[in-house]
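Listed after this line are the structures, all set down as structure tokens.
First subunit A sits with subunit B, and in the next complex the same chain sits with subunit C.
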Partner chain A sequence: MVMAYPMGYAIWLSMQEVSFFGGFRTSFVGIENYREALYSDNFWWSVRVTVQFVLVSVVLAMLIGLGLALLMHHVRRGRALLGAIIILPWSISLYGAGVMWQYLARGQSGVASSLINRMLGRTTPDTAVEYSLISSEQIVNLLALGNAWNLAPLVAFFLLANLKTIPERLYDLARVDRLNVWQRFLIVTLPPLQYTLFVFTTITLIMSMKLLDFIFVMSAGGPGDASATLTFRLFDLAFRQSNYGLSAAMSFYLLFLIIGSALALFFFWGRRLEDT
Partner chain B sequence: MRRTSLSLGLAALVAVIWTLLPIYWILKTAFIAPVDAVAFPAPLWPSNPHFAAAHNIFGFGYTDADGREFLPAGQSKQVINGLKNSVIVAFFVTVITLLIIVPLSYAFARFEFRGKTALLMTILFSVAVPPVSTLIPFFILFIKLGLTGTTLGLIIINLTITVPFITWMLIGYFRNLPAVEPLARVDGFSRLSTLIFIVIPMARSGIAVAAIVSFLFAWNEFVFATQLVNGTPAATLPTAVSGFLFLQPQPGLLSASLWISIIPAALVAYFLQRHIAEMNLVEPVK
Partner chain C sequence: MSGIEITNLRKSFGNVRAIKELTLTIPNGVFCVFLGPSGCGKSTMLNCVAGLEDVTSGTIKIGGHDVTNLPPHARDIAMVFQSSLLYPHLTALQNIRMSLKNSDTDAVEAKRRIDHAVGILEIASVLDKKPSAMSGGQRQRVAMAKAIVRNPTAFLMDEPLAALDAALRQSLRLELVVLQRQLGTTTIFVTHDQVEAMTLGDLIVVMNDGRVEQIGTPDEIYNNPATKFVAGFIGSPPMNFFEGQVEDSNNGPTLRTQYGPIAIPRHLFDRMGGSAHSLGVRPQHIDINRTKTDGSIPGTVFAIENLGKDSVIILHDTAGHDYRVLVDPDHGYTVGESTYMCLDLSQAHLF
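Take a look at the complex of A and B:
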């Protein structure tokens, strides 16, 4: 409905060559932009960065979310306070989270420099050494960690709501069967959580693929283009290089990637859940 | 038993540090004197609390104990104006989103009608579309309609994202509510009054979660806001804060402006976590 116009416009735009000399002009180039994207190394590099970023983000967000949910489920005293603290990262905007993680990780203002130098007793500026957590090898993983920090609380709270529906009786039976903690987790706790886990794996997958603000603020695609995900590349092409046509064409590849991976997840995981 | 509670306590400690460290690390800067805030290595905590940034951000000057004067931040007007705009945008987005999505997701969950699957697919599709790819078309459309730099334009943009996302979230929730419609009909309720007097009170946890999610979304929206309203009187708080991002010598002011943007969101999130625990998205195990 409201999406139809922008999508239609984007399709039209992706087939145009936009030029700004002597006013805004466009000329029809057909699938030229789509072909140009496929032949560009930058595009494939961004695909690689996106895939790595999304995989690490989703795995971390789900594991941390599950861990936080189990913790909140088992804690007896101070649960309300713990819940109020754990939800915090989710309420923080992605640009805010970007600023925070940048401050935390950078050598100049970062927590690593501060702690290590203090432990070694080097507290004056001329003796202290910079330890930066930002490097071109690790930046994508660091971004994914920050993204997981932001997403995990939501996963945790929906899993917690689900954990509460598991009847206590099942745990009594597990005690009768003398299951150890790990077996009890695998056999009693995990199966009823499967559907929520599937839904939130899909949600975190889609949200991570669409993510721009956090990356834009924290690393701006850098160092170099080490963390230039597809979303950042699109933004850069459109708003810095004014290459609207190529950016629109690439945005459709991104859209295919998002829908494709969500569907794949459904076929390999979600459909099996509906059968059982 | 002793051992499990000890390890639980340890796990809770790890979780709290993991959650709070990034927030703490920037927020402490607001209470550190500007000279110390840029010191290297960075201080671990504000050993001499200093309130210059907290005053300057609201446009007040500040003189500290040593007689040093700190002038009001040049951007304080933008921050206060941004705060006002953010409240307006977030309020209208939340209200309009609720007015649209409650009937919509209820209809999806309970009624069969022609084109339902197609409409559902459209909603799922809109959830999947990345904002970056609709940014340019919206930008060009808004220039034509004269909506750039207006609060109205920003509200419309936010709705294009909150409505599909939250409808998608709530369909499953409405589907799991007990089927009270036949009973209500026996008691003489029309369809509309069933929705208003029976279903909505029953679904209040889910609706509260939806309201909070859309509020937080509108409050925190950054990508569209930087392109559409940045530098205009309609600029929201996130864009005003981003004005400090590249002002390295004054991290205190950046930190103080983040305080302003985080406090309302944190309060709202506090209510969110209490409601999520009460709503049940999946069917209980039988």
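Take a look at the complex of A and C:
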């Protein structure tokens, strides 16, 4: 029931044309909203942005998570402090992170501008040049990096737990066999991490597709609609343009995208892990 | 050509002196077993020989070459780790191949060696299996195959049979000895199991607390233990010790114990002099009686272990000290009975 009522309402809504003028009225339009979405350039642009955002987020979250896990595993001294520093970005709220990232990346007074200007000796206001990390080309990648940075610590701690189960002696065996760093990583280190990597790829994929607040705080879908992911688009449609029907229809396309990619992940990757 | 020469080897981890001093020459082709309680430095010694740990000081030669500062793969050794460790996510064949993957061996030669190893170890049927799908014995054979395809000057084995059950261990021990004879490769085998050491070794090195206690053949170690530690560690059930003061009087040498004097054979006393304070007697050299005789030592039956062919009677003296006596299974004693031990000192030891 808890699921069914909002689901049902959303399905109903996605088939309505809602208007507010002269009182709240709805009229049944069938699959019109779904058709409209498919013919909308904005919709396809948002799909593209979402796919890019999610791909970069997931890859970066896994790479950063793996990197942090290996770092924590190999550091001998100050392990507790390192752990605390690493868990920090995860424990601050996404909203806080959004504000912080925006500050770091901002043009006029952001960190990038100050650093580059300082290095080039431009210290007066009329010589300083703005270097904004928030440009339309890079905005999606930058958002994905911020998102990955927030997700990575959790991934790192689970991977670290896996790393601790690897017998030390396997590394000795690898030395006697003269395996190089890459072979050792593939043969000794990576296999026990596979299951965790699969689970977190799925989780970060779904979380990234659904992400709204971070994008809202950081870029509000902009510049222009350069970073308007599907979640942002349907939020915008519903609460700014009051186009509830189209928004609800798009939300179902998002749902299909989430379910479809999670199933694909399982089919091509997760399913094969069971027999190892 | 000598097999392995270790000279003045020392190894410390910070303040822990894991190996205090070790000098030893293992002749070519010899099966040498390092035996000692856990924590005595056996693995550390083996890691130093393998190049997995840097030595603190000393030199190591393998096949006449000084390898002290060489990395493991350049030492011409093959290693078998505790519980026959293999890469868990590779099949048996992939595991074996890994030994030669980054060596200079060409593909034809590699295949020849692998086929040969698979043949003598009879593991053709498990080549596609991963370690988790193999039995302990199969894993051990695959680990051996992985070692012998390297054609090394020396095998180094760190308790490879430790995790197996007793029956399997026994049969694999025999296989290992036969294989080593066949290949004639110098071998260091580390174990804390004295039965394993006695059955495997041409040469046994007994270690304790980072030092060598004794080096010798199994016979020498058993019959002429150099120290009280060796005497107590080798043999099952273990040797009994009677503590006291050794004195030489007009009636011949004696050990003054809390139960009165025990007369000691002259040849024993001459070997050890007056500094000894402990008389060691193996369980099969003690008789027990219900009646007191001259020089017998009282003890109460505390427990009886039936080994099938023999029984071990464990006696307590008044101080609660244990003594083990080997008797026929039809001994007829019961727990709690008071008895007297008669010692046969012809093969006893003074420490």
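Methods note: the second predicted complex is superposed on the first by the 275 of 276 C-alpha atoms of A that agree within 3 Å, B and C clash if a C-alpha of one lies under 4 Å from a C-alpha of the other, contacts with A are read in each partner's own complex, and residues count from 1 in each chain.
Definition applied: contacts are C-beta pairs under 8 Å (C-beta built on N, C-alpha and C of every residue); 3 or more make two chains touch, one makes a residue touch a chain.
None of the values given here were measured: they were computed from a predicted structure.
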(message) So in the superposed three-chain picture, is A:Leu173 touching just subunit B, just subunit C, both, or none of them (first/second/both/neither)?
(response) second
(request) Classify the contacts of A:Thr231 with the two partner chains as first (subunit B alone), second (subunit C alone), both, or neither. (result) first
(request) Spot which of subunit B and subunit C makes contact with more residues of subunit A, would you? (result) B
(message) Quick check on the superposed pair: does A:Val188 touch subunit B, subunit C, both, or neither? Answer first, second, both or neither.
(response) second
(message) Just to be sure I follow: which residues of subunit A are touched by subunit B in one complex and then by subunit C in the other one?
(response) 167, 192
(request) Within their complex, state which residues of subunit B touch subunit A. (result) 8, 11-12, 15-16, 18-23, 25-26, 29, 39-44, 122, 125-138, 140-141, 156, 159-160, 164, 172, 216, 219-223, 227, 238, 241-242, 245, 251, 254, 258, 261-262, 265-266, 268-270, 272-274, 276-282, 284-285
(message) Which residues of subunit C touch subunit A once you look at their complex with the stated criterion?
(response) 47, 50-52, 71-73, 77-79, 81-82, 85-90, 98-99, 101-103
(request) Could you pull out which subunit A residues touch subunit C in their complex? (result) 167, 169-170, 172-173, 175-180, 183, 187-188, 191-192, 276
(request) Could you please specify the touching residues of subunit A with respect to subunit B in the complex? (result) 1-3, 5-7, 9-10, 13, 64, 67-68, 71, 74-75, 78, 82-97, 99-101, 103-104, 108-111, 113-115, 117-118, 122-123, 125, 128, 130, 146, 149, 153, 157-158, 160-162, 164-167, 192, 195-196, 199, 206, 209-210, 212-213, 216-217, 231, 234-235, 238-239, 244, 247-248, 251-252, 254-255, 258-259, 262
